[in-house]
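Next come two complexes, and both contain subunit A; in the first it sits with subunit B, in the second with subunit C.
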Partner chain A sequence: MLYEQELKTFVEGTTNFFEVAAQQPASIGSPYLMEGSPSVHEYTGVINISGKREGVVYFTAPKAMLTVLLMKMQENDFSHETMRDLVGEVANTISGNARRDFGRDFVISVPSVVSGEKPSIPLRPGHRSFIIPINWRSHSAKLVVALA
Partner chain B sequence: MSTNSATFNGKRSFKLMIVDDSNIMRRRIERSNKFEELELVGTAGNGEEALELFGKTDPDVVTMDLTMPRMDGIECIGRLVALKPSIRILVVSALADKATAVEAMEKGANGFLNKPFTDRQLNEAIAELMR
Partner chain C sequence: MTVAGTERRRQLATAFIGTALTLVMGAVLIWGFHLATNMRANITALQSASALQNYPEEIAHQLNTLRDRLEVRAYSGQALSDLQATVTRFDQELKKINTGGNSESPQLDRALLLWHQYRPVLDPVVAFAGQPYVESDSAGSALSREGRKHYAEVKQAQLFAADNARPLQAQLASLASTLQHSSSDAADHLRGLLFVGVIAALMLAGAAAWFQRARNRQERVARDATEQTRDILKTVREGFFLLDANYRIGSVWSEALTRMFSRNDFAGLSFEELLQNLVPAATLSTATKYIKLLWGDRAHENLMKSINPLGQLEITMDNGHGSKETRYLQFDFHRVMGPEGVKHVLCSVGDITSSVLLARELHDSQENANQQLDMMLGMMHVDPLQLVSFLDTAETGLKLVNTILREPARTDAEFRKKLNGLFREMHSIKGEASALNLKSIASRVHSLEDMVSDCKKRPELSGNDFLPLVLKLDDLLAHLRGVREMASRLTAIKDTPAGIAAQTATLSTTMPSMKLSAATPAPPAPVATPERGAPRSVEDLRPALQSMAERLAHDHSKRFKLTMAGLSEVPTAYSATIKDCLIQMLRNAAVHGIESPDVRQANTKDAEGTVRVEFRKISDGYELVFEDDGVGIAPDSLRTAAVRKQMITEEEAAGMDTRATMALIFRPGFTTQDGVSMDAGRGVGMDVVARSVYALGGKIGVSTHPGRFTRFKIVLPPSEAASSTAVA
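Moving on, here comes the complex of A and B:
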């Protein structure tokens, strides 16, 4: 069972990135639950979690959102590598927040990045995913929390 | 302070090295730096590159990420401080837990700034570092 406080930590890690790095806060949509893995966007930053909880947390965003985010950060390099770099930094922030709030009960991996049209994020069988829409300007990304 | 650099308030320049495995973050720190006294002498993507660059540029001030491939920031801080005890190191990391900050300080870091950061936060942290 996922506790509200745990979910809050992951959500705040994500929205904090937009608020500070882009100086424009993101809002969250209505969270929903689904069996298995939801579809992902072009760029996804993934952290694996073990210890007290087991599973994955990932932030997946469309290229269009990341492009505008880079512009807001005064970047002028919009290459594939920079998109990967950015989504990895968002995941890095989520990971850092989790380490601060959960302490040593959670073992949190260094973030990895996957990209492409249909990348697959492996979930353990039977895991359910909490999907939290992250809305920023006219774009929408997803924060996916799949922990048992 | 190093022998070839003076105080922060304008007598001479300090040499700055930025260490971070993210290109975005390296450019962000470079752009955010508002201090004329800080001259960027190089950037590195991991601890090994940072040590190599240190040998060539002898920086006085370093911004240091922690989570990096090949050699992480914690090990690199220890190595840099051993080479140059007067070096000033600002950790710039997403790792927000107290234990990590304490470990970095024990290795010889002088300040800690959490990612993400604003330009103002970075410049305040650098100013604090140089006091």
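Moving on, here comes the complex of A and C:
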């Protein structure tokens, strides 16, 4: 069973990124559960976790949200690669937070980035994921925590 | 004898020997000084005596010279002058010897006596100051009258000197010899004394060396001890420190303390300051009082240990990475006694975080195992089909809860709106779980309800507040899955011949009258296999409702019988609603309606109450009557409760008629109970009943007579009409 503190670590990692990078905090929406693979947005940063917990944690965001985020970060390059780098950076922050809080109990992979309409993110079959909407300005992304 | 006692004795002996030797040295030096002083006087006297030995001879010689001069009428002034000087010197030297500490010498006494006889003879000679000659032409130089007298005195002195010069000289020689002997003796004494002094000095030096060696050894031992103490304090996993009478930490502590508290400025820190900001104020206050108690002379240590409030202290502190971390520390206190009572309090601190977490996991695991056992035992008494039906309903309900959660929300109002919907869904699940005596599910739903209730009380809601809810929902769904798997296994066991035999044995034990027929071999009755989603009639719930009524009566110290009629008439379309209504109204009747036996008897009622349920078909549909002969509903108590919960104002309450007052029962969140229990207190149940009845196009009414009864009447349309209403 996942603990509240563990979930909060991933959530804080995500919201902190917005606060630091865009100087504008993100809030979380109403969290819920989902069986099977949740739908993803155009860009997704994934970290694989093993050790005390097994599974994946990923941050998936629509292109529009990332574009505005880049603008807030004074970036002029809105290319596909920059978008990928940005979600990768969010995943990296989540990963850093997890390493800091969980220490050696968690083995956390280097973040990877997938993009496209239906990217393949391997989830454990028959397992529920926690979906936490990340609201920033008028946009909404998702943090998906699928750990067992 | 202790090591400290031996050391103290050694120190005292050291001090005594050192002092004694120093005193001896002092005495030797003083005596030596005295001897040296005497020696010096003796040597001076000896020198004087040696010098004076020649004076009597010289005086006699000078007298002869003076006489010769006078006889030949030669110049005598020089001779007289020499004599005067010699006499004066002799006299002075003799006086000096006499006053130099040799006054008791007999030789000196005799010499002085002779000199005292000699001096009156010499004095007229040396005192002569006249003209000894007269000059005449006839006789030339001749003695004058004064000269003749002077000559005579010289002659007399010469004669005295002839007789006494030698004895005087002998006495002075003897005195010189005596003084020489005396000096020699004093030198011997001084040498002996110096020898003693040297011996004493050597002994003192030896003692000092011995003491220094002992001191070096002690210092080495002390240094080793200090080093060992430092190593222990550096290595030990517990935090150690001493508290003084002002409850302040001493200057020595173990390094583990630094790791535990992430600081190293412990010296002089008060115990209160150590725990400040780490524990709640109430705990800090209790801990401080406890520490003060430890200093009391009458405090019994074992007793104090048993009331130690810091046996397992939860502290929250920064983990050094910017986030908080919870640790569990165990404080233990031992009083260090001195001659005048408690000297220090030794405090040991252990980090028992891993033990506590392990114990908690063990407890959870044990709890889980117990719950599973309870669940399994409970499930054995539940119709498998009914159980599967409940699990389906519960899962559907929880999915609905998840759907409510999934609705996007950003504002406080949007989040708050979700809470009422969550309450309604969970309340139905909990009710049915209670009815089936599935305690682990009911308690989980109850705690989820508690979380929702806590959320309602918060001034501003956000998604963060819903994180615990979704975790609990996940746990509940996982538990339901576990229960379903267990149900499948139980069904499989029941299906086996051994299982059937066991069931038959149970029946034969509980129903002896059937024993004969049971003993007759018969083909096993077909055991129903749980099927998902199979609709169950309310009639099937009858045993569960009866056992629920018994449990409620037991839990709330009530006595009542439940009679149910016509439940087999409930159309399938109404099964779920009637089931929910019955469960909720039964709980209400047990908690709020039926009085305790004492109260009932005091009100001339039977000790055992009655709850009556009747379902029947009527001309324009169906009717469910639920009645208890309990305390009834007093409209005033409803209005008071509504005002207390700020659902209506006092003015509104005053203007409400009985009908409007009774309608309060169906308002969401309304309850007359102050606290929340497993069975009542959230004000959700009758709201759920009313909503589900209205959803079917039905009506609900309540009639009551305070002190006599409460009757709910639910009227539902024909089932076809209900189906169309539901679809619409």
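Just so it is clear, the second predicted complex is superposed on the first by the 148 of 148 C-alpha atoms of A that agree within 3 Å, B and C clash if a C-alpha of one lies under 4 Å from a C-alpha of the other, contacts with A are read in each partner's own complex, and residues count from 1 in each chain.
Definition applied: a residue touches a chain if its C-beta (ideal position, glycine included) is under 8 Å from a C-beta of that chain, and two chains touch if they have at least 3 such contacts.
On a predicted model such as this, the values are computed, not experimentally measured, just so you know.
Peer 1: Look at where subunit B and subunit C land on subunit A after superposing the complexes, then choose clash or fit.
Peer 2: fit
Peer 1: Applying the touch criterion given at the start, work out whether A:Ser27 contacts subunit B, subunit C, both or neither, answering first, second, both or neither.
Peer 2: A:Ser27: touches subunit C, not subunit B.
Peer 1: Name the contact category of A:Asn48: first (subunit B only), second (subunit C only), both, or neither.
Peer 2: Neither subunit B nor subunit C is touched by A:Asn48.
Peer 1: When the two structures are overlaid on chain A, which partner does A:Ser109 contact: first (subunit B), second (subunit C), both, or neither?
Peer 2: neither
Peer 1: Of the two partner chains, subunit B (first) and subunit C (second), which one does A:Arg100 touch, if any: first, second, both, or neither?
Peer 2: both
Peer 1: Which partner chains sit in contact with A:Asn135 here, subunit B, subunit C, both or neither? Use first/second/both/neither.
Peer 2: In the superposition, A:Asn135 touches subunit C alone.
Peer 1: Answer with first, second, both or neither: which of subunit B and subunit C does A:Glu89 touch in the superposed model?
Peer 2: first
Peer 1: In the overlaid three-chain picture, find the nearest pair of C-alpha atoms across subunit B and subunit C and give that distance in Å.
Peer 2: 7
Peer 1: Once the complexes are superposed, what residues of subunit A are shared between the subunit B interface and the subunit C interface?
Peer 2: In subunit A, residues 100 are touched by subunit B and also by subunit C.
Peer 1: In their complex, what parts of subunit A are in touch with subunit B?
Peer 2: Per the stated touch rule, the residues are 16-17, 20-21, 23, 70, 73-75, 77, 81-82, 85-86, 88-89, 92-93, 95-97, 99-100, 103-104, 110.
Peer 1: Note which residues of subunit B are touching subunit A in the complex, please.
Peer 2: 22-25, 27-28, 31, 67, 93-100, 114-118
Peer 1: Which residues of subunit A touch subunit C in the complex?
Peer 2: 1-4, 7-9, 11, 27-33, 100-101, 128, 130-133, 135, 140
Peer 1: Within their complex, state which residues of subunit C touch subunit A.
Peer 2: 319, 321-323, 402, 405-410, 414-415, 418, 462-464, 466-471, 473-475, 477-478
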